[in-house]
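My structure is below; once you've seen it, I'll send some questions.
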Amino acid sequence: MKDIREDIAWAKINRDVLVSLENPRKLYWVIVFGALSLFSVGLGCEIYQYQVGMGVANLNNPNVWGLYIATFIFWIGMSHSGTLLSAILHLMHADWRKPIYRFAEAMTTFSLMTAGLFVMVHIGRLWQFYYALPYPNDRGTWPNFQSPLLWDAMAIFTYLSSSVLFLYVGMIPDLAICRDNLHKGWRKKLYTLLALGWEGTDRQWRNFRVTYLTIACFLIPLAVSVHSIVASDFAMSQQPGWHVTSFPPYFVAGALYSGCAAIITLFIILRYVFRFEDYMTKSILKKTVRLTFAIAMVWTYLNAVEFAAVWYGHDMDAKAVLIQKATGPFAPFWWGMVFCGSVVPLMLAFKRFQTNIPVLFAVSLLLNLGMWLERWMIVAPTFSHGYYPWVWDNDQWPSLIQWGMVMGSFGWFTLLFMVFCKVFPSVSMYEVKEMVYHRSLHLKKNETAGQGAH
Amino acid sequence: MSVSNLLENWSQFRHFHPVDDKPHDPYKWAMSIDIDACSGCNACSVACYAENNIPVVGKERFQHGQQMHWMRIERYWPDHDFDFPEQGAEFLPMMCQQCEAAPCETVCPVGATNHTADGLNSQIYNRCIGSRYCSANCPFKVRYFNWYDYPTDETVWPAEMNRQLNPDVSVRGKGVMEKCTFCVQRLRAAEVTAKGEGRIVREGEVQTACQQACPTSAISFGNLVDPESRVHKQWQAQQVEMNVDEQEKDKEPGGSHLRGYRILEELRPYPSVMYLERVRESAI
Amino acid sequence: MIDSSSIKQLAGHPFDRRDFLKVLGWSGAAVALSGCGNTSIENGKETVVSYVEAADYVIPGVAVYYNSTCAQCDAGCNINGRVREGRVLKLEGNAASAINRGKMCGLGQAGVQHHYNPDRVREPLLRKGDKGETISWDKAYALIAEKLNGVSGEQVAFLSGAVSGHLKVLLGNYLESLGSKNLYVYEAVAPAVQRAANKKAYGTEMPRFNINKAKVVLSFGADFLGSWVSPVHFSQQYAQFRKGVDGQRGVLVQVESKMTLTGANADRWLVVRPGTEGILALGIINALGASGVTLSGDVAAAVQGYDKARVSNDTGVSVEHLDKLVALLKERTPSLVLAGSAAEGYAHGSQNAAAINLLNQVLGNVGKTIEASASVPFPQMIPAKGNTAALKTLNDDLAAGKYKVLFTYATNPVFTAPGSMKFKANLAKAGFKVAFAHYLDETALEADLVLPLDSALEDWGTQVPEYMAEGAQINIQQPLMEKLHANTQGMGDILLTLVKQREADKYKDFADYYGYLRGSLLTIKGALGSGGTDDDTFWDETLTSGIIKLAGSAEQLSGNASAAGLQLPAAAAADAQYSFHLIPSVTAYLRDGRHTNQPWLQESPDPLTTIVWDSWVEIHPKKAAELGIVEGDVLEVSSRTGSIRAQAYLFPGIHPDAISIPLGRGHEALGRYAKGYGVNPFQILDAVFDQETGELALHETRVKISKVGQRIIVVKDEGAAGGKPEQRRIALSKSTDQVKLSEEV
Amino acid sequence: MHRFLRLSFMLMGLLVASGSYAADTQKPTLTTEDDLGPQVTQPIEFPHYRHAGLKNPDDPTNSDPSKGGMEIDCQYCHTYARRSAVAGIPPLQKCIGCHQNIESVRNKPRIVELFKYWDAKKAIPWKKVHDLPDFVRFNHERHIKRFVEQQNRPTQEACGYCHGDVKSMTVARRSKSLAMGWCASCHEKNHPVTAEGGTPIGNQAYWYKFQKPVVASSDGVVKAQGPNDCWHCHK
């Protein structure tokens, strides 16, 4: 099985990819419509909450964070796999990433934007959020640079802007192709503008590669730091259950994990709706699945490390939280997390499932569900079972407003993503061409070697 | 505060007691609560509602755990199994402990909660953006969030009822955190008066609302650095030190005869409230 | 923080105090609320309200304090109201008071919410079918005069809550002018049996109990920290008692079937089978006798047969505890034995109380920890004490259609009368019903004419507490601010107007109740110990201090409690059908339910269960497990009289054969914060009365319970841990042999 | 590659440098000249210049209202300021107290208006000119004690720190920014701890470690800052 056919003509690549900008399958519209409705629900919930007060979310004194923060971490985590595929694998010269890194990178950007929304949704006085920004003002006040939340805001903002830049820079040659192949309408103007006069000269290519590499190098530590900082939102606080040393890597592993799972999901969807069967091949899928499996096992290991550290540690309050997770009112969700996060991925170890698209689709959704539950299980049980037993609360079921906004965020993300794929080439044309070229060179080399011409 | 000012004064801006080179002077407001005297009657809590414009949230919001009582009376039963609570219940008034190394202060993204020079943990409503990180990080869970907009809620302060509001205390709108302030409006008024007269606030000159109401005088409040104050004497007699996470007396094998302790001291927030253990007769 | 300088200035001010209040107000202008309006620097958007004239001591932004009297219960605490810009903000205790010494309970502090309550009646209302029609005061007075015309004194009755001071005098005068003797004073929750028993044992209805002088307090259901007689005063005494009498920490032993707030603070809480408190008291006397305390002949005879085994069997108190208790009482003297409502709420309540008082006698506490209290030398001002026996008489008369005009004031019998009395139906038989009311409560809703009253914070008055703490005192109640509503009147003013209708000449010198009060007090100022001072000084001083303190009398208690006629029934047999004793509990803040519309009280958690805003049924966890009941199960509680439904709360501090429902909630009227919250256990009380005093036996109702099949979330402050500290160092406890209290500050 | 990195480093350096410079120079300045706020329409146009303005040396009888004032001390009318956190507005009684004896202006329209309110016993609905947000609690008493009573500054100077040169105005207008940074800029300054004649001010205010008095290097005078914790003004 090959990652890609070596005999695809470059013109066919252009044609196939450009067609995705115009004529997707019907399912595309169904998805867009579904996403739009979900998003409207979320938006309605937010408007209601904004006007009436945070109370409608059914948060309360110990349970101050709820699903918003859990989902925030989920989306931040989701963003990591884009960076993994595009930057890390780029540096490692894994060329099978080429047909799929573009949409993964887009996923990074959009999930970060979604995560940012949750910060907004979560704060009590949305209209004053700018107090958290460090800017000179006539009050002479500054935000508190000691607060992990501020680091968080800065890390996310930097990561987002870098990701957008990375996505954009990587797209310039393709935008030029779009520019050259489309001849009318606003799109033409858009592509002309964004292509920055790309002509494909040697000088341009040289500068392009240096820039791209630089941003990639810059992005990797950033990605790791972002989720480590999100982990320190918890680890730097005083509540029981968030103090295991492996918390940051645990968060990063979880992030990559959920991201990979999401890539599988979107891979399958895009492959179908845009008819990308030639580029998003089963072979690439298989590689992705194997990568996911590896990360799942790393995550499982780190999870086990966390439980063990708590179980054998001296922090009795943290242990109480762990016991509460496993036996208390959150038990179904916690065990659900263990099942979806550690048991379900075992299926990916079997070769026959590694290319079975329906199974993979279902599994990837389950993995994401598991990872979402993981985030919820980090946030909620600690709050409902903290240091102070008087306020322990096991009756904290998020209100429909919270659920509505969580659903809305999926709608928002899908909407952005789908619109992106329709407007911009979601498969990197020039890199696929490179890939085909390299493969064919390789093939030729092998052929000549086989013939023993030397 | 400009950047240079910020950099120069960072250590002061983020000044944490207790540090030995910066002792409290001339004020360190502190409390001691004798839970043997506390009868659990809730008078302090009502006084707090009256003094600090605390909204009455109503049944439904209370059910959702959104009550706002800055001062709550906790009722504890013994940990072991029992048929009847033969030694009664234990009542514990719990409010913001005004920690010296307050976990809430470090995490607020906008610096809406700070330490004041007189040892209070301040909460600035108009700076708060409502991230609730402070509450998340409070081990005592004594911070209360305005889940709804109570000033405009007709069930909370309907016409006439709003005339009871204390003009010295801001009425909090939705989306900000609030908590016990040790009746800072009274402290500041007393401090200003004393300042004008070129002296420090005398013992007994200022009372918190809860202390003032408490029918059994279980609550003492005062200036911990004033050797004349009752609170100072009590802390000293109970050998409770502000700057440690485990008191000397608690290290004594078999326990000491002293009753003073601070709750969740081992987490090192250095609370400013000392509790005196409940006592029960051994002869009956 | 009493601003004493401003009070002194007040005393010396040349204006009449009355005019003052008018000047003080903000001329009716809106009051700027802080914090919820303006959020940026503005110019010329808001109006700053200035005074037209202002006294020197009135400074915007600086509070003025006035002394007055708390009207939330009858304990007579002296209060100190904080007034800013003409609004009363907060009630604090008057430090000079012997009763509360600057302290306040939550109920008292909620007095401001009574005053500012949005549900107060604002206009006189005349019944028109089912609705009330606003009429003018003149018309209302004319209507009363018209209705009284040609009606004999016999046909007029006045039902009042406890009333004292000049209001009582005026009320008496009014009834006298009508030729009526039908003054019924009714309080649903009152220590009526106690008074009778005390009278018998000590020769006085309400002696002074010195908790702070006792080394052991043995309380039979007296919730003196919560709701009994004068709780704020007793709380202070309790604090002293805990700090130590002669260096020894006082020991509190509470005997009751349902834990009260006081029981929760006891060193030893002894649960007894409901109604057997008297048996336990006699058992203790018997055991004391056996351990060498000399008993007089009749006492020895009376306790004959109350041996430990039998007493333990009857009451459920173990012999071990009985022994320890007896040893403690014998060893540590003086002690104090208190009989509270829990011991008295039975058909044999008087007997229980007598047995308990006898224990005081045997222990020699009379004269030591129980002393004679001083009384006010004006018997006409001494409080008219309420009880339910009065209500019973009235109810019977009403049923017989005896009354053509009925006045009601400061009591709400439609809500508080036991359901078995069918008071509401009987009330309808009265010809013309006038209610003087603050709220449209259940009784006012039945009235033909409702006359709105001033709140205690805007009205004048005097009050004489029933329980005198130190010497005797007359409390002054004075307005803390201008009237909130233009069309309310003080009860004193109303009575004065009414009595003028009958005897205009006699009262022509008094323009209003204020004048009457001032005049009356000035005429007796000699007797009040201020004979030498001139009128204005006396008056200013009186208003400044808010208390007229009188020397205590040196009268001795009779201490002649005898065991004669002491007949205690055996412990009540189980009732097969109605197997539970119903204990309607009196909570510290809601009492008989007249203050339920004050939201602070609704949201102030019940100290023991931490439940708010609702009623609940306390049931012992073991019993509940037996019946398969868990917290939040809605239970149907049925007595022979009726049934109510409320949520279950599993509470360890209750006898397994009893359930308890708090009083005070379950209003069908009263106001937005009271209506529809909880249930009213008064509705299902059986008509059982104390055999001697005729007082309602509050604890005699037997009930059965059944699950309705619905489960709700109990709205309470306590979290999922159910008040267990879960091994954390939170509320710690030591025993007396581990501490050295004498070394403490 | 090198060139590219050099460029980006230079750009970033420039950004940081200019940003911090901007932040540093953002320090609000203490306005001295009048920067008048909007004119507020009052029920009666109270002529501050006539009451508090400087006397005209050429007009000893003070008969010409257009020329000079009467140099009445601010505190003569605004008595609450030294006794309370809020300055309030003097009661109507105060105006009448003088004006009932000043027959010469009795028939001027503003005075006629004034007496209308007095006869009706109605308070004058003055508009707030210096209206801080409700969560800001400025304490007048403390500032007057500090600067007028203890440091012997003239009242008009001390009040003028925040209210501007009211003695030259008719209806008072806001002339200072009153923004928080503006307040703080004064609190961050070192103010002399001793009065001009060398009278030591009681050892008030300077106990706080943050504000321990220091000897200023410029003039050798002992100085200290104002309080700087948030809870002094917001509570």
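Letters are used for the chains, namely A, B, C and D, taken in the order the chains are written, and counting of residues starts over at 1 for each.
The rule we apply is simple: contacts are C-beta pairs under 8 Å (C-beta built on N, C-alpha and C of every residue); 3 or more make two chains touch, one makes a residue touch a chain.
Keep in mind that this is a model prediction, so the values were computed, not measured.
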| item | value |
| --- | --- |
| Third chains touching both chain C and chain B | A, D |
| Chain pair with the higher count of C-beta pairs in contact (B-D, A-B) | A-B |
| From chain C, the most remote chain by mean C-alpha position | A |
| CA centroid of chain A to CA centroid of chain B, Å | 43 |
| Inter-centroid spacing, chain D versus chain B (mean Cα positions, whole Å) | 35 |
| Centre-of-Cα separation between chain D and chain A, whole angstrom | 56 |
| Euclidean distance of C-alpha centroids - chain C vs chain D, Å | 53 |
| Residue list for chain A, restricted to those that touch at least two other chains | 62, 136, 140-141, 387-388, 390-391, 393, 395 |
| Chain B: positions in contact with at least two other chains | 1-3, 67, 72, 74, 125-127, 168-170, 264 |
| In chain D, residues with contacts to at least two other chains | 23, 26-27, 85, 133-135, 179, 184 |
| Touch-based graph of the chains, sorted into line, ring, star, complete or other | complete |
| Touching residues on chain D, where the partner in the complex is chain C | 37-38, 40-41, 80, 83-86, 88-93, 117-118, 121-135, 173-174, 178-179 |
| Contacting residues of chain A [partner chain B, same complex] | 52-55, 58-65, 122-126, 128-129, 131-132, 136, 140-144, 146-150, 153, 233, 236-239, 383, 386-388, 390-391, 393, 395-396 |
| In the complex, chain C residues that touch chain D | 26-27, 29, 32-54, 59-62 |
| Partner chain D, residues of chain B touching it in the complex | 1-5, 12, 15, 22, 25-27, 114, 116-118, 120, 122, 124-127, 168-170, 181, 184-185, 188-189, 192, 194-200 |
| Residues on chain B engaged by chain A in the complex (per definition of touch) | 1-3, 6, 14, 61, 64-67, 72, 74, 94, 103, 106-111, 127-133, 135-137, 139-141, 143-149, 174-177, 264, 267, 269 |
